Amino acid sequence: MAESGPLVTIVMGSKSDLDVMSQAAKVLEQFGISHEMRVVSAHRTPDRAHELGRSAKERGTKVIIAGAGKAAHLAGVMASLTTLPVIGVPMPTSDLGGLDSLLSTVQMPGGIPVATTAIGKSGAKNAGLLAVAMLAMSDAKLADMLARQRETMQQAIEQDDEQLQQGLTAER
Amino acid sequence: MAESGPLVTIVMGSKSDLDVMSQAAKVLEQFGISHEMRVVSAHRTPDRAHELGRSAKERGTKVIIAGAGKAAHLAGVMASLTTLPVIGVPMPTSDLGGLDSLLSTVQMPGGIPVATTAIGKSGAKNAGLLAVAMLAMSDAKLADMLARQRETMQQAIEQDDEQLQQGLTAER
Amino acid sequence: MAESGPLVTIVMGSKSDLDVMSQAAKVLEQFGISHEMRVVSAHRTPDRAHELGRSAKERGTKVIIAGAGKAAHLAGVMASLTTLPVIGVPMPTSDLGGLDSLLSTVQMPGGIPVATTAIGKSGAKNAGLLAVAMLAMSDAKLADMLARQRETMQQAIEQDDEQLQQGLTAER
Amino acid sequence: MAESGPLVTIVMGSKSDLDVMSQAAKVLEQFGISHEMRVVSAHRTPDRAHELGRSAKERGTKVIIAGAGKAAHLAGVMASLTTLPVIGVPMPTSDLGGLDSLLSTVQMPGGIPVATTAIGKSGAKNAGLLAVAMLAMSDAKLADMLARQRETMQQAIEQDDEQLQQGLTAER
Amino acid sequence: MAESGPLVTIVMGSKSDLDVMSQAAKVLEQFGISHEMRVVSAHRTPDRAHELGRSAKERGTKVIIAGAGKAAHLAGVMASLTTLPVIGVPMPTSDLGGLDSLLSTVQMPGGIPVATTAIGKSGAKNAGLLAVAMLAMSDAKLADMLARQRETMQQAIEQDDEQLQQGLTAER
Amino acid sequence: MAESGPLVTIVMGSKSDLDVMSQAAKVLEQFGISHEMRVVSAHRTPDRAHELGRSAKERGTKVIIAGAGKAAHLAGVMASLTTLPVIGVPMPTSDLGGLDSLLSTVQMPGGIPVATTAIGKSGAKNAGLLAVAMLAMSDAKLADMLARQRETMQQAIEQDDEQLQQGLTAER
Amino acid sequence: MAESGPLVTIVMGSKSDLDVMSQAAKVLEQFGISHEMRVVSAHRTPDRAHELGRSAKERGTKVIIAGAGKAAHLAGVMASLTTLPVIGVPMPTSDLGGLDSLLSTVQMPGGIPVATTAIGKSGAKNAGLLAVAMLAMSDAKLADMLARQRETMQQAIEQDDEQLQQGLTAER
Amino acid sequence: MAESGPLVTIVMGSKSDLDVMSQAAKVLEQFGISHEMRVVSAHRTPDRAHELGRSAKERGTKVIIAGAGKAAHLAGVMASLTTLPVIGVPMPTSDLGGLDSLLSTVQMPGGIPVATTAIGKSGAKNAGLLAVAMLAMSDAKLADMLARQRETMQQAIEQDDEQLQQGLTAER
């Protein structure tokens, strides 16, 4: 029934969000998960947004990641149009630091959930990882990859830890 | 071309917003301006919201007043679907005092304006008055009524002022 | 390999969070999804928290929902111990309205995602719905139930809308 | 009765606000709407502010746009002196990011509305668009221009969208 | 040249501020300083506000105390119209706790100072004491009274301290 | 009884506050008011702070201006040690924008007032002007100078206004 | 050299803080640690505060716990007068929820540390526990008691956990 | 029983926190207190964090200093695993200025205290000083060093004060 479109749709409200949102795409690439990146504005292209949200499931999308800033409605709009899980990434904003984006994304009313991550790049990266984790619920191979990625991340920090300790010793 | 529907459409995201939003309706009644009140949720009834926004102008609406709380997208959704002026009223919220509603309503991206008023009842009242002021731009009778309403308001405060001064004198 | 434990584990940091977190359980019950509710504190029972997070996947859990307040670390602790998707629900707090819980839950560093919902009961309800949406990714029957629940929700609001319009007519 | 002054008066509290407020003027120019720009401080030139507000209607002004920062009283002062619609633009501030300007502009008491837009340049742009939308309520030609401007804006985003999708394809 | 009006003018934006602002009056009564209380709204009675500010010095006022809430402009308006010292008292607000009133009162632009006190009743009390301190700069008797009031206040706390210590001993 | 020390004492908590606080000194110089500038930390030199506060009145000081940042206690400490009027200037802070300094300075308990101005340089300038206004209460010559300074300030803005209007005309 | 006064001094800025601060005293009683409770205001009884801080070490105090609200300077004042560890407890405040108290207590400048705990009762309880932990650094018996108290606390939560699980089972 | 490891363990959640946290190390070096610096992430290396917290006391650590940013759980995790005093340092964050780190560190639930210092470098310096003060409770020599350090700090500010006064004199 569903077309074999990409598994994850990454939507952003403006081309200027690409630098942040490409962190999510990078994660999906690392895990070999098909995805598309779209610039669709809840406010400036409402029909496109409506169409994208309504058609996502049929096109084969499993998870939507939406990033937007300020009065950030994009994730909420997506969530209102599909029952697929929608992950929201609040963009940093020059005036209020992204607090406006965060509250506009996370404070959804009961009934229409948005899975919100942190403001900015680490939030976008985590949106990618959340999408992987959701797909891994029914894909043992992905689950294994996730577990290995965690180990790699742990080892990087353990190396930082050892270098710091050696450095201190060396300095003395 | 436009049907003779009510001049002002008041939309709220939930029936629980009625207590606040009826302040806007009360003002419109005082000025004898035809209006309708609708419960339409940007998130829970997106198609109705879409339809309402898209059809408003054709139905004869001149101004839309939209009130919503938390991740308050309703005014922004209306504004994205019509070129009519849209007034947004942020609802008070139990957890963050309405700061979430305010930022979600006012921090719109360039291109899609929402005329935002204060949080809660005084904001809803002012939304009604803003709608009147917009209609009065091309309706001299309304403009006169607005001027008289201002005078009445001034007199009420002047009476408060006099009573306070007399009270202080009396007490001594 | 995985035991046939409940599909969703709901964890809360304190018994006093039960009133909020039972909103998540209620949703899962409506969808017939097996779940357990646990009181495990990241700070006061760290070993239990560690054990719960580490063992969740093996016990058959697919999604973890964690609710905590103030310096709300529980969701983050769970997320650090498992690659399963973890949903975080910030508790309202009497002093800062839940802003502390929200920031402590959502502002996770890159690498360890927490899917955060709104502060309080609507957030807990949405956490339940998010868990359903994740499970529905590979369960067409659940996906259908979700779609029907959306319709029911829409109809409720449409009824509110009609009653409000009739009421206004009636009153006049 | 009214002189044929400009239709829109843009007021700012300080010459340093010009960079932001000229975004509003630019929109009005695009729509061919006559306007004036004034530097009038609610606090430093209260008599001028008083006179400007009181005389606006008689001079033919239809809409006032007022931008100010910090304890931003200018829009409120204008609104207290005229029944014309007043649009307030909160200036960004170096210390509090414009939250002070926003709250000082939007939190008006019941009776004296200010139609507030977002902090900074996008808010000023939207103030211009709001003024156009208000004038378009009784000017079908302006309404058409507004509709076309929306389409142009949509097309720009749709182009961004297509470029992003092609770029991703090209890179692979 | 100056009429012998009251030395201190207490202005409030609404009769509902009386409960808070009467704390300032109470202090002035304790020090036997002549004062008047006025309800004058910067937004709803701008001409009265203008007249009050402009005439204050001539009527013999030495200090103005102004209390207002939300987009609290009253103190700033007074300060813009007189070179007398103006003390601003931010009213508590139900939605934002008075943060809006505080920022609207204290964040004045360079050139027009407002001496701001704390939000609410203790702020109003301190406004009264500040007015006394200003008058005491050229009134040795008032300065002595202020010094004695401080001693009384100290003794009250020292008594609390002793009672607490005795109570603890007694309980054991 | 009082020595003929400077009329205004400007105290700051750290040498790094000099750039901001010298704005207050500049105003006092313009008005020919004798003043001293001191670096005294409430936290790092409590005895000096204590001695300065306690001795200020005897040394002939009429007004104290205190600027400090973060947990900004200096103004409050001065106010606790003298009945002279104390003006507090919150320093901007790199992390919280000065909100910490502002709340620490303005939210004084009932009984010990601090006359707080805006965060940063405009606050320091206004602190200088407030001190002048207080001294002008019993010094008609100073009062006249203040009135003239206001006029000069008004003229500067009126010139900005005219230049802006001419500029717009010229450009066309 | 040091008198054998109580090991811990609990100071609060006002008698009204007793309800919160007695949570610290209760902890110290449970651990059998001698302590005193004092009402001393940094602002209203500065000499007493000065004397208390300066003499604490000589009187045998090992740790000071200070609780205050709003512009909460008491802990900072204590820390400025002694090299003993000072623990600060921010009081909840009716207007700003204790954010003012928190920032005034925690944002101390480099050189004068205050060990700050959470706003309100749980902060006061934790202040007591921190004092115990500090004393336990050189008192093995106290360290054992602390370890046992942790176990008791864990067991309480484990019981809540079991009851919740049984309750859910029972209900079904 | 305890090994003779370093007296103070400084832990940070990421190598990027080293610039801030080395301020704590610098203080400990000045006082000749043995210490170690570790990079251990509560979220990315939970087992290491668990092990470090659990083993700290046995390895001879007396005080733990933990610095982390955003959803800053590291200090809380340490505190949950040991009864040693844990000092938390909130890292500045680019988006929310460190308010997220502060609330995540300080708002601990009753039972598990974290002694929180200011955001950033001055907080890290004060964390070092707090650790010294705790160790000085049972080490008279350290207590003397602390007292001397305070004097040095006072003298530095007194020199600043004198230079400022001389500079002002010289300039005239």
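Note that the chains are named A, B, C, D, E, F, G and H in the order they appear, and that numbering of residues resets to 1 at the start of each chain.
To be clear about the criterion, contacts are C-beta pairs under 8 Å (C-beta built on N, C-alpha and C of every residue); 3 or more make two chains touch, one makes a residue touch a chain.
This one's a predicted model, so the numbers in the text were calculated from it and none came from an experiment.
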Any chain that touches subunit G and subunit C: H
Selected pair, out of B-E, C-G or A-C, that shares over half of its residue contact pairs with B-D: A-C
Interface residue overlap between copies subunit C and subunit H, same or different (over half shared): same
Computed distance of Cα centres, subunit E from subunit D, in Å: 35
Inter-centroid spacing, subunit E versus subunit A (mean Cα positions, whole Å): 51
Where subunit C touches two or more other chains, by residue: 14, 41, 44, 70-71, 96-97, 99, 106-109, 111-112, 114, 118-119, 122, 150, 153
Chains that touch, pairwise: A-B, A-C, A-D, A-H, B-C, B-D, B-E, C-G, C-H, D-E, D-F, E-F, E-G, F-G, F-H, G-H
Contacting residues of subunit D [partner subunit E, same complex]: 13-14, 41-44, 46, 50, 53, 69-73, 76-77, 79-81, 93, 96, 99-100, 103-109, 111-112, 114
Subunit C - residues contacting subunit G, complex: 14-15, 18, 36-41, 44-45, 48, 70-71, 94-97
In the complex with subunit A, residue positions of subunit D that touch it: 92, 97-99, 118-120, 122, 150, 153-154, 157-158, 160-161, 164-165, 168
Complex contacts: residues of subunit B adjacent to subunit D: 23, 62-63, 83-85, 87, 102, 106-119, 121-122, 125-127, 129-130, 133-138, 143, 146-147, 150, 153
